[in-house]
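So, here's a batch of structures to check.
Look for subunit A in each of the two complexes below; its partner is subunit B in the first and subunit C in the second.
Let's turn to the complex of A and B:
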């Protein structure tokens, strides 16, 4: 495929200073508009000339979308807050350390300086067949090139596939799900809609061309962290090919409260295994009320991978996910790694 | 308005991918426009049906017929309603996501598709073995009936043939639905090898890109055509003057008077079934039992 790299197609650049002004541009250009946050996802699309928007709306000048604020005993993080700001914020460090770990693991320092948390949770799938501009299901076509007998699908989904087998690449997404974060959306009509982080992401069965519930013209404005899980026992682990920075092969996040050695409450989510980050409700139900030990971890881990359907080259993700869930429940040192 | 959507395959060749979903709105518009046009025509037209006096005379002459005449057997009715349920499920699961109501539709869609396929296979066998197979089809022999029906619609009182078991409109609709539904079913079955089901091993390379494109386009065209056809079908089923046909699809029978008023007994001869109260075929005593159509 002839791809002209590093030379972006021409477009109108808008740098509004308010959400209303940004949405006015989005409304004016409709499907021809493109929302630019940190640009880490967008510039690939534009330079590869796979996406050719008429207008790019850069949200970087909208002050109200930036910064971290106290709110109702929790925190409200503006969607345009960089990952570096999230990592360095004392409130995040003290109460929501799992988000710090996830944001820190997302990328190298240079990328974290530029990438935003809103962009990280809203980024598109990284399936290379899709990113190459081929007419796959996610691109509006009628085939999944990654789910064929000879496809290179080492990084693709083992759960929740519905025609498309791409996975969600966000590292902060599972952490936000276990923190019960609320995503604040400004709808195209100017109204405000708040959805849980769990419901923010959509799988291909619901909408095969989108990763999130964001409708055209809508903007994610903030992420609210309630105090529900503040200060809980957290666990985050991301397995990747290159430790310096890479997308997750599988990642796991958990938040837990215990009474003695018994698990009182737990939320656990994984990413890199499906088109949306998965909250493992069945695992939570099994683990709650049980002792935090190897036996509980094994039962929960086996339950987590039930129904997994590996593709040609990603069967390794099944034991990987099982072990990560086990470690998330039992802890790194105590949980024996099994294949 | 684009009718088809195209993509470029990995060899940078243009390939068909789908129909444009604008055609869904076109089909809806066409179906509703037909509905409005027909309803308006029926209000102002001088459609002629058999005179009451003529029907009265026929009732006296054919008093040997029972009060109720079987029009649709139980298996035929079960097939019809099962097919209707499958068809509505198919259309709902196919098009609600297109208009913005999102839900996991694929599994429901192929289950309904297989149900429709199974019911069609049953119908073919049932109609071939147990029913008058040719009574639903149209051909050159129906031209006199077509002419007579057109003239009656224009207000003329003509003696031409009345319908046999199925009115001409019924038969034309059946022909259309056979063609369109078979296209949808055959293409849909092919498309099932592209998704995960318990029945097939996924093989997206079963056909060439071009053949797949044509398959998807044919499936889409059949789908939007079915939208228009179903609108027309539901409309006719709900029209007051057609309610006796709809009722027959529920209860299975029509009255003797409806039989004589709307049908040509020579083209749909009724064979009387012996019942505990039945009189002899030549008796003039009204028969309260059921009669079945000749096979």
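Let's turn to the complex of A and C:
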């Protein structure tokens, strides 16, 4: 894959300074347009010549998409804010530390310096058959190359697969879901639409060629963190092959409030196991009102993996996910596990 | 007169014929001066601030910063390893922050301050403290990854001038060394941090 041939094929490059101007270019070029945020996901596609856009729209010059601001007692993070800026922001550190952990677990320092949180939640699937340009379901074809008897599918889905077995690669996604983050979208018509992080991601059942609710021409402009889970007890863990660069095999995020030893409220989400990051509502329902202990964690964790259907090489993800859910509920010895 | 590849490339660029030096790399991109421009898209000719100098350069829209630095500006100290943001050899500082130059479109860094490994030395060729420390500690084996490691460390030391070994390891964790020389590399970079604190 990583063969240096020469520079990418030619494209037009636009650097609009407003969302409206960006959308005008997207409208003009239609399917030939490509939105560029940090560029880490995009340039792979372009260098491999799997995608050949006519026009690339760089969002880097749009000031309103950058920075972190206070809003309604919570925070509003511009979609073009880098992961490093998220990690270093004092408000994130004090109130939403789980997002800091998740963002810091992404990729490598140089990538975090450039990659944006909007790009992190909107990036495409990493399935290598898909990325290599095979005409699979996700690419508009009618076969899944990763779901055949001898396919290499160690990193693919165990839950809710529907034709495509690719998983969502975002590290910040499960953290944003447990924080009940609200995704602010500028629709192609110029209107504003706000959807919860949970609903931002779509599976193949809704649109097999997309990872998010973003319609062509729409842009994610900001992510709002409401007050709801600020300062709750958080747990985040990402399991990967190498501690740098690699995407999650499985990741888990939870936020909870307790009263004494009883779990009052909990939100829990996993990623790396399905086409979209999954909020585990059934697990939440079982855990709420129960003591925060091993017994509750075991019941909840077994429930979490119910219905899992491993492929040829990813059965390990079932116990991995079960144990991560267990830890996310009962916690682990302090500082014994860092990502 | 012996003609090294490096001097040849530099010579051609000095002659103002960047087009011919780069032609073998930019094949398939259409004629260099024939790339059409849609209304409202970026201008090909731009000014880059590299190592304190303003350089006028003709840049393809799809060109990465690593390509521009090496093949248009002759700054071959920046290496291209994977061209995929997966090795760190091409690390440069953009506004003091380490970036993989293979994964930055040159047009997106107009007006920003770029520093490459060539830009670290002081007046009269005095090595940067981190470079001097690498020499003193003999930190690298083949040293292909050296420019990337040094730039990542210099960038990290700007925000944390007094790192622990672990913190510095984390800061340069986005750089790979094929010789697996990480221990010596870290020792030399830590020594560099120490030299820097002494000089300031």
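Please note the rule applied: the second predicted complex is superposed on the first by the 327 of 339 C-alpha atoms of A that agree within 3 Å, B and C clash if a C-alpha of one lies under 4 Å from a C-alpha of the other, contacts with A are read in each partner's own complex, and residues count from 1 in each chain.
Simple rule for what comes next: contacts are C-beta pairs under 8 Å (C-beta built on N, C-alpha and C of every residue); 3 or more make two chains touch, one makes a residue touch a chain.
The model shown is predicted, which means the values in this text are computed figures rather than measured ones.
Considered on the superposed subunit A, subunit B and subunit C are sterically compatible, since they fit side by side. When the two complexes are overlaid on their common chain A, residue A:45 makes contact with neither subunit B nor subunit C. By the document's definition of touching, of the two partners only subunit B reaches A:206; subunit C does not. Set against each other, subunit B and subunit C differ in how many residues of subunit A they touch, and the higher count belongs to C. Once chain A of one complex is fitted onto chain A of the other, the partner contacts of A:144 are limited to subunit B, with no touch recorded for subunit C. Between the C-alpha centres of subunit B and subunit C, as viewed from that of subunit A, the superposed structures give an angle of 130°, to the nearest 10.
Contacts of A:313 after superposition: neither subunit B nor subunit C is touched.
The superposed three-chain arrangement places the nearest Cα atoms of subunit B and subunit C 21 Å from each other.
With the contact threshold set out at the top, residues 2 of subunit A are in contact with subunit B in one structure and with subunit C in the other. Residues 25-30, 35, 37-38, 40-42, 60-64, 67, 80, 82-86, 88, 91, 97-100, 103-105, 107-108, 152, 156, 170-174 of subunit C are the ones that touch subunit A when the two sit in their complex. Those residues of subunit A lying in contact with subunit C across their complex are 2, 4, 6-15, 25, 36, 39-40, 43-44, 46-47, 55-56, 58, 60, 84, 107-111, 113-114, 243-245.
Across the complex, subunit B is touched by residues 1-2, 132-135, 139-145, 147-149, 161-163, 202-203, 205-207, 309 of subunit A. Across the interface of their complex, subunit A is touched by residues 5, 7-10, 12, 15, 17-18, 97, 102-106, 194-196, 202-205, 212-213, 216 of subunit B.
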